[in-house]
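Provided herewith is a single structure, encoded as structure tokens, for subsequent inquiry.
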């Protein structure tokens, strides 16, 4: 088995993602690696409660409890993908531009070795460089953006063009997203102004608010996304604040009224069949978590994403 | 904009509700104020876990994160209502009768200036004096009471006629409620005895238990309430323990099996069209909260209520 | 009334389950006792996060808030059953085989006196000796097993045949369960391997995964169980990790995507009509709980089970 | 042995103070009872963070860990005193005057049976009625008052003459304290005004601030107190906020710079030789405690006080 | 009185530092202001656990409990200094150089109006711009730096010259500190290398490790500092991690073996007589605090500093 | 440098003790390894609050913050000892005898390779097999046992001869300890009976209670121990509950009145000069910890012990 057994895990005494083999990126990924998990301990783009920099360690710890057989999809994504823990992205922590550069380079290295990158943030500002690297390899992407917030703010809000409220604006404006292929699910709550939706609207973004998920069901929404995406390469960016604070208390900008954990897991699982080329889970903030609920949910979301990627690879 | 910008808010260094202008009630509300938020830091009527006295400060802090544009209803209730933070009701904390007197006088002052009062408790005993003041101005009221408990206890339970389990009994017996116009939503869990429902039943109260909300949907229940209320002035009293402890852990008498935060927000939003003349959110107990989940939910419930009031004013 | 009044409870200063009379089992249960609550403070069978040994005290404390009248079923189960708090099972804590022996003997003593046993664990390994005692009295049982996990592991996983991941395997292999009468509800998440489901399958176990509960509704699933069980004596084993960590954070092996507390309570309540001969609530781990959410839910689950037993007795 | 063994304790499943026999006061104390522990779950006199009403249950739970042999003083105070858990004082919770009446009557009943009362608050307002009852029996008392605050406020501060900041003022003015026999240890931090010390000064109170304890040592301070007290009956009122928040985080009005737990325990132990006629430990607020630190400290402070009482009785 | 009364404070409903008048700096400080408290909600210079950005709000809330009369020094520093809450420094949060510029300008504005600045961080990187502004007005300063760490790191450690481990290096190298006038108290724990002490040593810094404080007493250490400082203007920079995590758990880089809260308060108080021209309290990280212990200690440290400044002004 | 740099550590993304090289024991320790850190995730010997099984992971995480240069002793123990993280001891978790066997074998393997073992528990029952292995190599040992409890219980207490209250009894009776060479420091609190001290007394154990440490100072006590030990090989067993719960809240059986963290660190450091042949830190229980205080303290205690071992090796 690819995942360590309980005994092997105990003997090592340390905690890679999902008890997978450790393969720090700098040394080159092992041949045949189909998926690489990368921690990105950066929260310098946070506007409110920080802490997301600590998530890679806590998600590693919580993920040790996750076993390997996906009963509903009938496969072990860890084995199917020869997945590894590629360590954390290395960067000088006080230079946000250099951080973005390091993330982009690391994701590019994963892609170059033929593996699908799975990033564990960090705050949502880490998504922009990941999208740059993935789009550089695969061309303009379909993006499924699961979040409570639109994340298309401009520099007028906090006096800076790059922070955790802006990645999708840059992705749209820099044409990393294929036309009409930004799908935003989970959006809710008050906005800064009526004009906030204009940025996405200009680029044909489709917003599926929480109420739509509730009324039509997550499966129907996923079906819409799948049919719109078709064969395009899809990047999934999952901000845990899309999920209600009851299920994901450990996050920086909580908004009540969100997805349940069941809806969230179902949504990712429903992507089975898509060509998944990258995924991130961001905005897990351990200092505000309780009993590892949010870190554990993040691990299960990654597990579902890995299963989707394994299915894509199997085709 | 009526709400402070992030920069103005930082410069002030303090935290009024929703970053609104501070306008302590004693100095008189500014002309044109359409809604006044009032903290009521009193939990001397609590039978079990105390702490609700600390809620006004924590809800203020959590509400700073709430922006102003209500995307679904298409308005900014803060601007539409020229809402202000009117400070806290002032009272001698150890004399419950004097506390009730101070609340009634403060709410009366808000009403006299033409504004709609929004109270942030405190325990549920603060609702009785609020209802007295509102009924004194508007006549017998329709009351939407969202709660896990009936709150129609008599003095036989704890040896006192006035505490957080009794406000609705007094409201009914003192005819502050129009005949048949007490609507109770979210009720669940074991009662003290089969006779507990008799008080409400004698006055035509309509009980919508949690199971009904689940089966028929919150929207259908809200529609029933709306159609029963018609043009009567409506007071909304929202006890956060109506919501499940998963979504609202910070409360004194938790009962599992409650509303989700989505159902709770939808229920308030669904009142759009009613003549809302007052609202309270009570029983938020910060010492039992986690990651501000309950305070944040309370802020969003108030935001929805403000939007309903703004629509009513706009007519 | 059977339950102490608030005043009686205060005078005693201590906390039996649901403020019921204390009747330590060693002294013999009072005549006419229809239900006996038994704490089982053992977590020596835990593979991951321990703490369930502390649950009997915390559930006692949380249960003091639960009143006696079941409004939906129209009865007071405490009075109807002359229920008592029979204390904790006594055992030498470091000898797991002796612990199992003590539990089996205690449950047998409860049954011998004509009462229905309600166990408050403790980890899930306490269920096996309970099932032994109940099956010894009533013959092969129908078992409703509510859990996130199958709990049919073998000794190959942790090098031991008896721990909290194995009770149902023994129950099946030792024919404590009537053929085809293991009903497993709430199962979800990754398994260790595709073969994990084989143990149950060989004995005709029926698995109702979370997705089925969501799609068909808990009531429909309960109806299936009821119709399959018929007049067989039913034992209900409720592992709180069946419920989502949002509603039951205080547990050792949390799995996101679980039942809501409403679904959980409804599921137990829907057993009304069945011949309930025993129940346990296990895997409540207070060190990971918050604001008593999990202990309070456990108390309410027991209350629903007591009501079902009271109805069975009334027939 | 007087204290239950671990096995007896497990069999009972409940938690009396120190695993002592339960002997609710209303039924009369058993013959020969030398000390009665009484819970007083009242925090209606709290000016800031409430929660002390929950302390009697938590201190009972934490005290189960305390064994019986006092190695330094060479005795088992539980056996020496035939100590019992006399339950909680019963009162109507919303009528502070009635609460004080009930406490006074309960303490008087303990004294009438020949036992020494040990009260577990509750907030500090419970001390006044206890002092009334003890002084009624023993005449004007020496009082050792360990606290961060003077507790001699008048009605001008919060508009009420009776709350947790006033008990010592009443005790002095009502001559429950013998002239010059109020000894205040642990006082520190800013006062409301320079006049705050005048109340005590007029009655000859001696204030031993924290700095004096640090410089001269707690033993020296205790020696001063002992030599001043002589053969007078001594009542010890211990407000846990005398101890630094590091050691006693679970309290309502924390003041940094306080006693260490070692100094606090030593201070009580150093009273060996005095005629201790009553003791209370107040202001333990479990919602703000962590890992039972404060409840555990309270239990050990009571244990030291019981040992002092046992020595007094042995003479 | 200068501080609001409890009633005034309740009426306002908000929480300025110590219930002082609110006087946002942008509007100019009131005439005669002798001390201005300034929040600096920035933690972009943190290397490990973030959260200090949230401290200004929490310290404001905790400081509301602090009364005004300093019994040991015999004065009310709030009145003596006509102290105000000058709000928070305003800055664009993602540009660290601009943040430093804004802090320097704000402190300069406070000084220009004749008031002494008291900064509430934020992380320790905020101290450098404060020192720049104070030295610009008063010339090279004596600096008392209370900390577990030397904070004289260079860019080789984290690839950046400006973060929370570097302020004292810049202060020395830029000659903001008078020769031989950096006094470092509380230093302890392992260093990065033996060369870490060289930076300070080259500039004559005097290090008083924790062991020296324990052995000689804080008062003796303070006396050394006072005698070395003489009439020089003194800036006090207090990093709460100088205090042991038991007393100050809410901080980012905890080091066991630190000062007690008593030693910390005594150390500041012992500066009475010095010419205090500025003070900061930094590295309070509320997400890691418990029961407001660290925020409350920070408030008391500021109170002692204000008293020292009041004495200096009185001369 | 032996310890990873911050950048190397980030790149690895995982957390070995002190950022040391990972060298799982099963593969053989690298040549020249002078010290091996071993996690022992077992808490099956706990009588009260469990959780110590989780400590190896949390201490690893907290230890990442500890740098390498010991300023007071003037050396880098990591480099001096070529220390490694040897992973966790592997065992079948439900068979306590097998666990003890595995620990003994692992420690023997470390010793056989010439390294000094440093164990991170787990509960205190892990010390007995460690002592067996160390005594097998070095002959009867001097043992410094730092603890709140004597840990010399017999099977009469909990019906079992081997648990966390018994290791020192076996060590004495099995003559693993040289005559008169058990030194117990930190003992305090009530005992089960006056006879508890007899076991140690029969073997000449020397007890230094907390009061002695306070009065004579930790350094004097350490000096006594050092002079009694002389050239004997010394094993140091450090139960964190020796330290006061204020400094070490994360433990299972807290006793107030304990050592401060400063005294604890000083005590270990004062062993400089002794021939340290093994050390353990046990009873860290992360579920009851706060802000990593106890895990961080455990890491620093190990650091001091490593420095002592490095000095011994250097001789």
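Letters A, B, C, D, E and F mark the chains as written, and numbering starts fresh at 1 in each.
Assume contacts are C-beta pairs under 8 Å (C-beta built on N, C-alpha and C of every residue); 3 or more make two chains touch, one makes a residue touch a chain.
These numbers come from a predicted model, not from an experiment.
Listed by label, the chains that touch subunit B and also subunit E are A, D. Path length between subunit B and subunit D in the chain contact graph, taken as the least number of steps between touching chains: 1. Rounded to a whole number, the gap between the C-alpha centres of subunit D and subunit E is 38 angstrom. One simple way to say how far apart two chains are is to compare their mean CA positions; for subunit C and subunit D this gives 41 Å.
Chain centres here are Cα means. That of subunit C falls 55 Å from that of subunit E. Listed for subunit F are residues 158, 244, 246-247, 260, 288, 290, each touching two or more other chains. Arrangement of the chains shown, judged by which pairs touch: an irregular graph that fits none of the line, ring, star or complete shapes. The list of touching chain pairs reads A-B, A-C, A-E, A-F, B-C, B-D, B-E, C-D, C-F, D-E, D-F, E-F.
Interface of subunit C with subunit F (complex): residues 43-45, 47, 49-51, 53-54, 92-96, 158-160, 162-163, 287-288. Touching subunit E in their complex are the following residues of subunit F: 6, 65-72, 74, 76, 244, 246-247, 260-262, 265-266, 290-293, 296-297, 300, 303. On subunit A, the positions that touch subunit F within their shared complex are 7, 10-16, 22, 24-26, 39, 41, 56-57, 60-61, 85-91.
Those residues of subunit D lying in contact with subunit E across their complex are 48, 157-158, 189-194, 196-197, 209-211, 214, 244-247, 249-250, 253-258, 260, 288-290.
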